[in-house]
Structure formats: structure tokens, C-alpha cells
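Each structure below is given as C-alpha cells.
First chain A sits with chain B, and in the next complex the same chain sits with chain C.
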Partner chain A sequence: MRTDQILQVILTGLSQGGIYALIGLGFSLVSMSTRVLNLAQGAYAVWGGFLFIAMVSALGLPPLAALGLAIIATALLGIVTERLVHIRSKPWRPISLDVAVLSTLALSVVFEGAAFLVWGPDPQRGPAIQSGVFRLFGAVVVWQSVWMFGAMIVLSVALHLFLRHTWMGQAMRACAQNTLAAHLLGINVRRVGLVTFGIAAMLGATAGMLVSPVTWIDYQIGGYFMLQGVLAFLLGGEEEVAGPVVGGLLLGIVENVLLLFPGGGLLKQVIPMILLIAVLLWRPQGLLAKRAA
Partner chain B sequence: MCFTASFRMNSISRRSLMLRAGAAGLAVMGLGAGSVHAQEPIKVGLLLTYQGPTAIFARYEDKGARLAIELANKAGGINGRPIDVVGYDTEGKPDRAGVLFRRLAEEDKVPVVIGPDSIFVVLGMSAVPAQAKVLAIGGPGGYEFVAPKDRTHIVTGWASGGFANALVLAYFKDKLKVKRIGIVTTADTIGQRSADEFVGAAKLVGIEVAKVVSQPASDRDLLPSLRELAGLSPKIDAVAVYGSGPFGTIAVNQTELAGLDVPIAYAGGNIIPELIKDVGPDIGKRFYIATARAAVPGSLPKNDPYAQTVQKFVADYTAKYKEAPTLPAAVGYDMAATAIDALKAVGPDPDKLRDYVTSKQKNFVGAQGVRFNRTPQDGYGVDPRDNVVASIEGGKFVFKDYLPQSFTNLGVKDDAFLGLMREHKMLID
Partner chain C sequence: MTFRDQVAYLARRNVAFFVTVVAYAVVVSVMLSAGWLFPDVLVTTGIFFILVMSLDLVYGYAGLLSLGHIGFFAVGAYGVAILANQFGLSWGVGTVLSLLLDTGIGVLLGYAFMRLKGSYFMLGTLAFGLVVQALIRVWFSVTGGDAGLGNIPRPFIFGAEFKSNLQFGTLVWITAAILFWLSMNITRSRVGRALRAIRSDEISAASSGVNVARLKVNVFALSAAYASLSGSLFASYNNAVHPESFSLGALLDLLMMLFFGGEGTIWGGLIGATIMRILPDVIGPFHAAKLLFSGIVFVLIIFLFPQGLAGTITSLLAKYRRSPASVRPPDGQLPTALSQIPAPSGAILLKVTDLCRSFGGLRAVDAVSFEVKPGHVKSLIGPNGAGKTTVLNLMSGVLTTDSGEILLDGHALRGRRSDQISRLGMQRTFQHERLFTQLTVIENVMIGCERGADGSLSELLLCTIGAGSTLEQEMKARHEAMRCLALIGLAKHADDLVSNLPHGQRKLVELARAIAAGPRLLLLDETAAGLNDAEKIHFKNLVGRFCAHGMAVVLIEHDTDFVMELSDEIVVMNFGQKIADGRPAEISRDEAVLAAYLGS
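The block that comes next holds the complex of A and B.
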């Protein structure tokens, strides 16, 4: 096994893991402040990717403007999700978590179906922020992968600062601890929920846009994004930002390192699930989170 | 996807319904005697996959099939009876395809079904046609993966499937002087079997396979696998890629990034313009596929024995749809044309139709530029060597050479080739 080969799988794992982490962050954020596992998270990546491609190729917008508009438009999708899921809930009478999760699953199917109706069944490829490659100690690195990883780092740091140092971020964390108490303390829980879902959708959209030149986007790929994001979130644990980031990167690296071994392509689809089962059995709070008292 | 309800009929069948109603009116007035549409129509099933990753093929197959039926109806139908299409969408779900096939056989009473198309669908419902006792003239390119016991009532109209694609290695050995290859494939059952087909073809023509690497079909960064092949010692002088859709295109494109500036032998579903438009121009020139003549109508030599057949199909298709046809459109045409020819020969009796298509329909020339001679042992019914080698130039497939010539030049014996076909279940005993 050569050094450049090992470096290649690690670098590929980091860039893929960065995307898993971004989607996992969306799961973490929503779960943290509303306790809901939002299974529509993968659909935000699909919509973000498709909207970005449509705005650049069909409407001819500059990529930066398209990026901003696609993120905002997908945030609205997140807000719609929150409104529909919590349409009958009150801070003192929260919706059953089972119902909420199933509702987000149903919504993910609706969003996928809508994407099919708007953009059709064919995969589409988005424009790269920077095309081309460079060599790093013999390994080939695609510039877009650097952007994918870099964006994840920047957004993770920004999210961490947001949660620690802004009123809304602290309100989200308060809701995470006790929604009713947060409500009684004067926090507008519904608004917090809207902002949370909106940010989660923006994270998903960013992941979709960044990955669209690499993976291409089709209306059915949301299920794949959702699964990888859930894995990143559950592996890392609900430790605000660090959990999904570590979980996503670990998942990406493990998946790709397996390719170094015979039958790795098949194992790549199985081992992460076995890893998840092991984590859920022996460390259900995730690798980073502290065990609840 | 499950948000779209199944559909029946479309504008063509509604139009034929209206025509029949009009013709019936004329007949009542004594004006329509002798009209094709005055008689009871013969229904045929059309079961394709209009949603999901393979939907793009079905859209073309649908157009090709409907063209064949329209032309047949214009020419007098089946002994004066028009053909009516009963269409359903499998939505890419094998269980749904099985249920719909039964509905076509038992409720709609069709004597033959055109479809299903996708191998992923066919493999999940392959027992149903035999149970329903109705022949499926399907379109799976991987027909050899269908269990032999289920092939009694399934044949395929796709003349140049995965096995035929893999035979491009004869051209690699003969013309490109390739000695050693690596194979990239999808990490799933069909990917592994396709890799086996490449390995078998390589062995037949005397090419060494240095390594087979695989990644899940959902993967979009294939550099780990390609870099592994690039680092092999001694170096490989060609790479074989199996994979449809983005996987196939990305694998092909990333050969350049991985430092594998070598000829690429391709097998898979990327045989339509939409799926090759992202193949880089320099990469397209070293991309080779063994495929049917209908994939290269614009550059097919004029003295080709099938040139007229292919060009007539192109002209008919272009006149009807105002667009150039693709290979899957020719496949759809041949699926329907096979059924039409059989209906003309033996009428709408399901057993006789099956018997005719699987045993008696000889030298049936298809729009793909092939001659079908199916037998109970061979549901393809074509010689997989009788294809052309094509590359990509200007976003289109272009003719490079005839594949049979390479087999002749290499001195590959028929017995050895038939042995390979049996080994890969192209022929069953």
C-alpha cells in the first residue's frame, strides 16, 4: 500500500465527510432545539442544488448571486417544514415526536416529488466554484473538494459562535434544555423553531450546492444525503457543532479507507451501519456528547 | 417515487380510440368498409420505467415503440385490426412491475407485453411473465443476469448489452495493442457481474486483468479506485469502466485526474447524448464502446449492410418527433416491431406468440442494425460480436471500426466464443 494511495483515500474521505457534516449539522441543530429528527434535511440539499443550477444555467445569474438566492429560497422550505410539523403544537402542548418525525419523512417525499415535477428525472450537474486539481504528496486533490471542506469548517465555526454569542443562539440552546421553561422565561419558542429550521435548511442547501458539481443532483438523491447526515449526527452525538463535524469526517474517512482493502467497495456500504449500531448500543449519546445525567 | 398514479393510455391511444369511434360511425353509415380502425383492436401492453434513474431510457424506448406501432397501424394493422397500447409505469419498482404485468395479462388480456426495460426491475419480477403465461419483450441490457428458469417468457430487445460492450476488448487487443488492463465497476451485483464479463472477454482475447476495483454506485469521487489502478506496477495500458449515469461519466472523466491517460473500454447505460455530454472532449477520443449500429447513424459507412434499415428508422423517427433518435429509441422500436411481426405471423394467441418469438422468428432485422434469431437458449438472439466500435466526438458517438474484424484478426475460435457465452449465461442449455 503506497503513501499517496493512503493519502488519497483520506483526502477524499475528508471532502465527503465535510458534506456529511454539513447535513449532520442541520440534524443536530433542529434536534437540539426542537427534539425533532428532521428527515427532510436531505431534501434541502436537493432543492439547494437544483435551485443553484437553475439560477446559474437557466436564469444566467452570477454564481454568487445564485448561491445567496438559492440559500434563502431553501431556508423558506425549512420554515415551511417547521410550520407544517408544528401547526397544532404549543409550547405547553408539544407535538408527539413520533408524529413530528413521520411528518418530516412525509414532507421529504413531497419535496422530492416537487423537485421531480420541476426539474424532471435526469441528474444535473452544477458549476464548480473552482475547477481543476492539484497534487499533494502524490495524491490528486480536486479544488472543489477543498471548497467543500473549507466551507464546512467556516460554517461550523460561524455556527458555534452564533450559538454561544448571540441571543438567538442562546435561546436555541435554552429551548434544547427545556422548551416549556424557555417559553415561561419569555422566549418565543415558535420563532426559535422557525429560525432553527431555516438555518438547518440553509446548511442543507449549501451542502447541495457545493456537492452538485461532484455528485450531480437528481430528485432522488435526498435519501442518500439524509442517511449520511443522520449517520454523521448519530455517530458524533448531539454536541451542538463538534458532534456532527467529527461524526461526518469520521464517516467519510472510514468509508474511503475501506477501499484500500479487498471488497472495500461492498464493505463501504455495510461497515458504517455496523459502526452506527455499535455506537447506539455502547455509546448512544454519540462519540462526543456527554451521557445524560 | 410514489406521488404519481399509474397511467393508462396516452394521447396516441386516445387518438386511436377517437379514430375508432369515428370509423365506427362511418361504418354504420356504410362509408367505412375496409378501414383498419373498423375492426376490433388488438391490445398490447407497454410496461416501462418512466421514473427514477433509468427513466431517460424509457422515454426514448416509449417513442420508438409507439413509432413502430403507429407505422404498423398506418400500414393496415394486424390483418386489418389496429394495435392499441395499454401502458403502465413501473416507477422503477419491481414489485409494482410484477403487479402491473399481471394486470396486463389477466385484466387487460394483452397477448404480449413490450417491456419491462430496466434490468433492476426485470430481475425483481422475472418469474411473473412465466406465471402469467404472457411473453415479455423486454429491454434489459443485462438480460444474461435473468435466471434461466425465468427466461421462458422473457426475451430482450436490447441487442448490445453489457456482455457485448465488454467485447470491445477484442478491438483493444487487435488495434490498440493493449496487453494489461484495470477494471473499475460498481460495488453491487450487476457491477460485479459486468466486471466478470470484462474479465472473461479479456481472457478470450489475451489481455491480462491486473486488478478489479469497485465503489458503490452512489459514489461520485472515484479517485481512490482510479489512483489505485494508476499506481499498479507494471503499468496498465487501458482501463475498463462499468457504470451508468453519473458514476460512469465521473469514472471516465477522472481517469485523466488520476493520471490514467489510456484508452477506456466502457460498458453501461451511458449511450445517449444526455449522459455523455459531460465526458471531456479529450477523454471522449480515448473512450471506446462496442455498440449497435443505431448508436452511430451519422457516421455509419454507407455500404454497411444495415445502413438502409438504420437510416429509414432515423428518417421515420425524425419526421414524427422532430429530433434525432438515440439507441434506446431503436431498442424500443425493435421491442414493438418484434411483437408486431409475431402478431402478423400467428395472431394474438399468447402461447403461439411466445413460441414464434423464441423459436420461429428468423432473420428479423431490427432498427438497431442487427438480425434477431432468438432461440429458447438465447433470448438476445443476436451475435454479440456483430457490433461497431464507437468513440465520442462533439458530444456524439462516432463510428470507429467493425468489431467482428478484430475477432477475425485475433483468430478467436467460434467454439471458444460460444463457451464464453455459456459461461456468462448468454446461452443456456
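The block that comes next holds the complex of A and C.
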């Protein structure tokens, strides 16, 4: 194995891991502030990708404008999810987690079915933000993958700053610790929930748009995105921003390194699962999270 | 136990099974002859009923919402298909081998995921299901990838080949009926009760002696076996397997069957499976929108109809059902558990030495030592936050001890799990009562009588086949629980749901549950707090009677007069430390105690 081959694999892994991390961040954010695990997270990526493609190719909008509009439109899906999941809950009487997770699962199927009706069964390819390649120490790098990785870094730093230094971010973390107490202190828990789901959906949409030129998008791919996001989130653990980022990058690199081996396509499906079980047995809280007292 | 008792008991125990089978047979034959139901749909309904049962066992009873059962189902189906295509093995051999594989995966995943709380368990199992599906799609050379596999043999058992659909349908429904009966056996047994207790409150179940982790793993594996069998039948019936049958959409169908039918009943799955199998024929013209349609239906079920059809039927029936007359023992009979406690002797029963526990920087319990003799009442008193409840939690294994020793009759308790400690003869009540709210009063007490469930495989299997010995145990436990309730004075509430009782009575139910196990040491955490004066006198008499049988009691209580009258000895705590230990008369004169209570 030559070094440029290894470098190639790691670079590809980082860019793919960036996508997993973006989806994992959505999981982490929602689960952190509302305790719900949002299985519709993959569907946001699908809708983000499809809307982006439709706006660029069918409406002929410039890519940057399409990007913004698609993100905003997908945020609405996130808001719909939140309204439905919490339709009966009150800050002092939260709904059961089982019901919440099941309803997000049902919603993800609704989104998937709607995407099927609108865009049909065939995969579509989105336009790249920047096409072309360049060479880095002998490895070929696609410009799009730089955007994938870069967007993840920028967004996670922004998210970290948002959670630490803005009122809304602090309120989210407060809701994560104790929703009832947050409510009693005058935080509008419902609005915090809306913002959380909205941001999560935007993160998912970004991931979908960036990855659409690489993997193409079809109505069923949400399940795959969701799985990768779940793995990234569980591997990294309950550390709000760093957890999914580390988990996602690790997952991306491991998957691509495995492709170097014979039968890599199979290993790529099996090894992450084994890795997950190992992490759960060895560190049930994930790689990064502090051990519970 | 007379023969008549046994027959009556068996009849009562199996009534739900027979009623369901007969009612279903009648409805189905009417629908078949009217042409509303196709025989083909009926066969797949049987197969999916088995799958729904497998999910209901883990979710409806143990409360573990597995989103990975489609994975077990797929392993069962592809196992048969691959073994037949690659090695030419028959259906029977393929089924057994995939069953073993699935059960093995079930045990492994069980151990890995059991420690995951709530939604993390769902995510872990979901990841498993998705990985199985991805594997099927990618491993072309073996699974046929997206094209799937064909040429799957039909079963050939004892010289009979189930070639025609009628024969195969008969096989499916006989299998389903047997598995249904076995599942009903579990739900009516101590294991079923322990599972519902786990779903209701894990900590409390463990403190009552239920080996929570082992029981969960066993049931998860059993459920994987059910799903595997269902998958093997599915593959053989369709003569083909295809990844589409194991996708996210299939998971949703399965969940809809469970929730539409009603979880936690087993028979609800039969209704759910039937309706969901008939539905595609009804919405045939809108095939393109099927996914959207099922998603919307599922959302509606979850929000409008969470109990499902079975839940609705049960609550309708409850209005007309006369309350089952729980077996009433002759008046004045004492619980046998009490007489089995060794008579008081001079020896020390419990010895706590230098017990410590910190939460972060706070030393909640700081080098506390005391001893308890059999037949004595030792009270722990002290201001709020003195660490009294923490001491109880350390003793009963609910919290882990930082340092120090706890010896119960020579057994070191440190490092043991709650259920092990409970089985060594220590029972407790909780400051904020932790009953199994979904169970009736007598069921709560029966958990105590049986000291929970040890979670062993033999226990599970005996309960599954409904062995005669389990039947006898069940009757014994019911009698004993009635005696305990009669002693506490709650016999007339035996068949009430715990959630319908007022606070004070719930505390007494918790007491009954604890003494039903015949503990040598009973820990009472503010059990008398909600009682009125008359009830307190009754409570005091009860504690006196327990002690007369040799039971030792450790009591936490805030009513000082009450404590002074009841206790043989008192330990006073403040800021995690023991500041006094002695007879009530000494304690009431102790200067450190007066300072702590009145301020110096």
C-alpha cells in the first residue's frame, strides 16, 4: 500500500465523515435539548438534496440562492416534526420517549412517501458547489469534498459558539438538563424545541445538498443517512458538538480504510456495527462522554 | 391443592387463549366464505402474527422497544434461502440453523444493548436491523443482492410435505397457535409478572429480587427465536426472499400491526396482523401513495389510539367483568414467610462498618457504622439531607459504596446487585413509593412472594411450557400474597390497580410486598409518613409482630414520638456522619442530638 493511497483514503474518509457528522449533530442537538431521538433526521437530508436539485435545475436559480431557500424550506419540515411530536406534551408532563421516537419514525416514512410521490423512484444527481479536482501530495481531491469537510467544521464551530455564548444556546442546554425547571424559570420550552428541531433540519439539509453530487439522492436514501448519523452519534457519545464530529469522522475513515481490503464492500457494512457494539460494551456513554457518576 | 382447584385454575388461566382462538376462527371462516379474505392473505397473516408476538414479548412485557426485529426476521428468511441455495439443505435443517444463529445474535445484542437506556436501546437495535438489510443488498454472491434468492424448499416434516398452500397454511397456523399458547403461558406466569414489573420500575423490580439484566436478555433471545421462525416460514411460503421485505417500510408495517392491535396483550397482535394484511387489498388503487399512506395512518394510531384495539376491548370488557374473587385464605392465618424467619438469637444480623459515599465533592455518607440485632427495630433519624436514605440505598445495592463494609449474616453485600441482596434476605420500601403501577395490588405482592425471578433459562422455559410445578407455585404465591394483604389490612383491594389507590395505602402495599419475601432484615423508608393516627397504631402493631418473628427492622421516620415509641435503638445522623447511637432514652438527652435538632 503506497502512502498516497492511504492519504487518498483518509481524505475521502474525512469528507464523508463530515457528512455523517452533520447528520449526527442533528441527532445530538435534538436529543440533548428535548431527549427525543429524531429518526426523521435522514429525511431532512433527502428533502434538502431534492429541493436543492429542483430549484437549480427546474427553476434555474443560482446555486447559492437555491442553497439558502432549500435550507429554509427544510427547516420548516423540522418545525412540523416538533409540533407533531410534542402535540400533547406539556413541560410538566412530557410524552413518553417510546411514543416520541415512534412518531418521528412515522413522520420519516411520511416524508419519504411524499418525496416518492413528488420526485419518483429514480436517483438524481445534484450540481456541485465547485467542480474539478486538485492534487495534494499525490492524492486526488475533489473540490466538493473540501466543501463537505469545510462546511462541517464551520458549522460545528458555529454551533459550539451558539450553544455556549447565546441566550438561546444556553436555554437549549438548560432544557437538556431539566425541562421542568427551565419552564419554571420562564424559558419558553416550546420555542426552544422549535429552534432545536429547525437547526437540526437545517444541518440535515446541508448534508443532503453537499452530498448529492457524490452519492446521488433517491427517496429511500434517508434510511442510510439516518443509520450513519446514528452510528456517528452513538460512537462519539453525548458530548453535544464534539461527540458526533469525532464519531462521524472516525466512521468515515474506518469505512474508507476498509475499502482497501478485499471484500471491503461487505466489511464496510459489518465493521461499523461491530465497532458500535464494542464501544457500547466498553464505554456505554460513547467515546467522548464523561462516565456517569 | 385439590384436582378441582387445578382444573378451575387452568381454565381461568387459559380463558384468553381459548376465547381468542375460537372467536378468531369464527370471524375468519365467515370472512373467507364471504370472499372478504383471500386464503393467501390468511397464510401471511399467520406468519406475521408470529413476528408481532415476538415484538410484543419484548416491548409489551419487558418494555424494550426493539426496532431491529426485522433484522431477526431477515436472518430467519435468508438463512433458509442461503442454506438451500448454497448447500442444498432442507427447510427443516435451514430453519433450525438460522434459529440458532438468530438466538445467538439475540443473546449477544441483548448483552450489548441492555445497559442502554430508553431511546438508546431503540437506536442500537435499529442500527442492527439496518445493517442486516445493507448486508443483504451488498453481499451479491451469497444473498443475490437486490434481485433476491429463489428456489426455497417447502417444509418436509415426519414424511409429510407441505406442498400445497392449504397444507402450508395449516402448518403456519398450527405453529402460530402453539407459539401463541406458549406466549400466553409466559404472560400468566411469574416471569411475565416480573417482566411487567421491569417495564414499570426497574430499580424497584431489582430490589424485589428480579434479576433484571438476565431476564431481559433471555426474553430478547426468545423473541429473536420467534422472529427467526417467522422469517423461515415467510421465505418458504413465498418461495423467494427479496431485500424489500426487510426494509424500513417493513419495520413500519410490523410496528403498525403491534400498535394497531394493542401492545402488551399478545392477542392484540392477531387483530393487528389481520387488519394490516387485509389493508393493501383495500387501498390497492393508491399503490404509489402506499408509503405516504402508511406513514399517516401510523401517526394517527400513535396519537389518537395509543392503546390499540386490544386496549379498547379490554377496557370495554372491564366494565362488565365481575371482579375475580381472589382466593381467600381462612381468617387470621399468618403469612408462611414470617414463620420461616429464624428465631431471634443474640447474634448480630447486620454489621455496617465505616460506610462512605460521596456525590462529587459532597460526602453524603461519611464513615457510618452500626449494628442491628434480629428482632430489633433500629431507627435512623436526622435532619433533611443527613444521608439516611443514602445509607439505605447503599445497603440495598441501589447505589454503589465508595468504601466500607456491609455484612448481612456473614455475607459481604458490597459489590452485589440489588436482586442478589434481596435474595439474601433484605427487603426495602422506598421514600417515594415505587410500586409497579401497571400491576394489581396482589400482583405487586406476588412479586415479593416469589422474590422476583432469578432470570434463569430453566425458569423461563418451565414458565413457557406451563409446567405443573409453575402452576402450583402460582397458586401458592397467590395464597401467600392474600395472607400478607390480610395481615396488612388490604385484602379487599387485592384486585385493584395500584394506580387507583390513595397514597397511604400504596405505602402499605409496598410494605406487604417487602414482607411477602420473608426478609430477615426489612428497611422502611418513611413508610408511615402518609398514615393517619389510627393507621399509625396499626402500623406499630405490625412492626411489633414482624419483630416477634425475628425480623430486624431499620426504620427512617420523621415523627419523633413515633420513633421513640417504636425503636429499640436509634442512630442519629447529621451531615453524613453518625452523631449518636443508643437507646431512645439516651438519645433524647444527648447534647449533640439536641444541638443538631434545635440548633445550639
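What we mean here is this: the second predicted complex is superposed on the first by the 293 of 293 C-alpha atoms of A that agree within 3 Å, B and C clash if a C-alpha of one lies under 4 Å from a C-alpha of the other, contacts with A are read in each partner's own complex, and residues count from 1 in each chain.
We adopt the following convention: a contact is a pair of C-beta atoms (placed from the backbone, for glycine too) under 8 Å apart; a residue touches a chain by one contact, two chains touch by 3 or more.
The structure presented is a predicted model; accordingly, all values stated were derived computationally and were not measured.
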Clash or fit (per the criteria above) of chain B with chain C on chain A:
clash
Partner chain(s) touched by A:128 [first = chain B, second = chain C, both, neither]
neither
State whether A:281 touches chain B only (first), chain C only (second), both chains, or neither.
second
Check the residue A:265 against both partner chains and state whether it touches chain B (first), chain C (second), both, or neither.
both
Does chain B (first) or chain C (second) touch A:113, or do both, or does neither?
both
Name the contact category of A:31: first (chain B only), second (chain C only), both, or neither.
second
Contacts for A:5 in the overlay, against chain B (first) and chain C (second): which applies, first, second, both or neither?
first
Figure out whether A:103 sits in contact with chain B (first) or chain C (second), or with both, or with neither.
second
Considering only touches as defined above, state whether A:230 meets chain B (first), chain C (second), both or neither.
second
If you tally the residues of chain A touched by each partner, is the higher count for chain B or for chain C?
C
Flag for me the stretch of chain B that overlaps chain C after superposition; candidates: 38-46, 74-82, 164-172 or 182-190.
182-190
Interface residues of chain A shared by chain B and chain C, listed 109-110, 112-113, 116, 220, 224, 265-266, 268-269
Spell out the part of chain C that touches chain A in their complex, as residue ranges.
59, 65, 67, 108-109, 111-113, 115-116, 118-120, 122-124, 126-128, 130-131, 134-135, 138-139, 247-249, 251-252, 255, 259, 288-296, 298-299, 302-303, 306, 359-360
For chain A, which residues count as touching chain C in their complex?
31, 35-37, 39, 84, 87-88, 97-103, 105-114, 116-117, 220, 223-224, 226-227, 230-231, 233-234, 265-266, 268-270, 272-273, 276-277, 280-281, 284, 293
So in the complex, the part of chain B that touches chain A is made up of which residues?
1-4, 50-53, 55-56, 186-187, 213-216, 218-221, 223-225, 227-228, 231, 245-246, 250, 257-259, 274, 278
Complex interface listing, chain A residues touching chain B:
2, 4-5, 8-9, 12, 15-16, 109-110, 112-113, 116, 121-123, 125, 133, 139-140, 142, 145, 211, 214-216, 218-220, 224, 256, 259-260, 264-266, 268-269
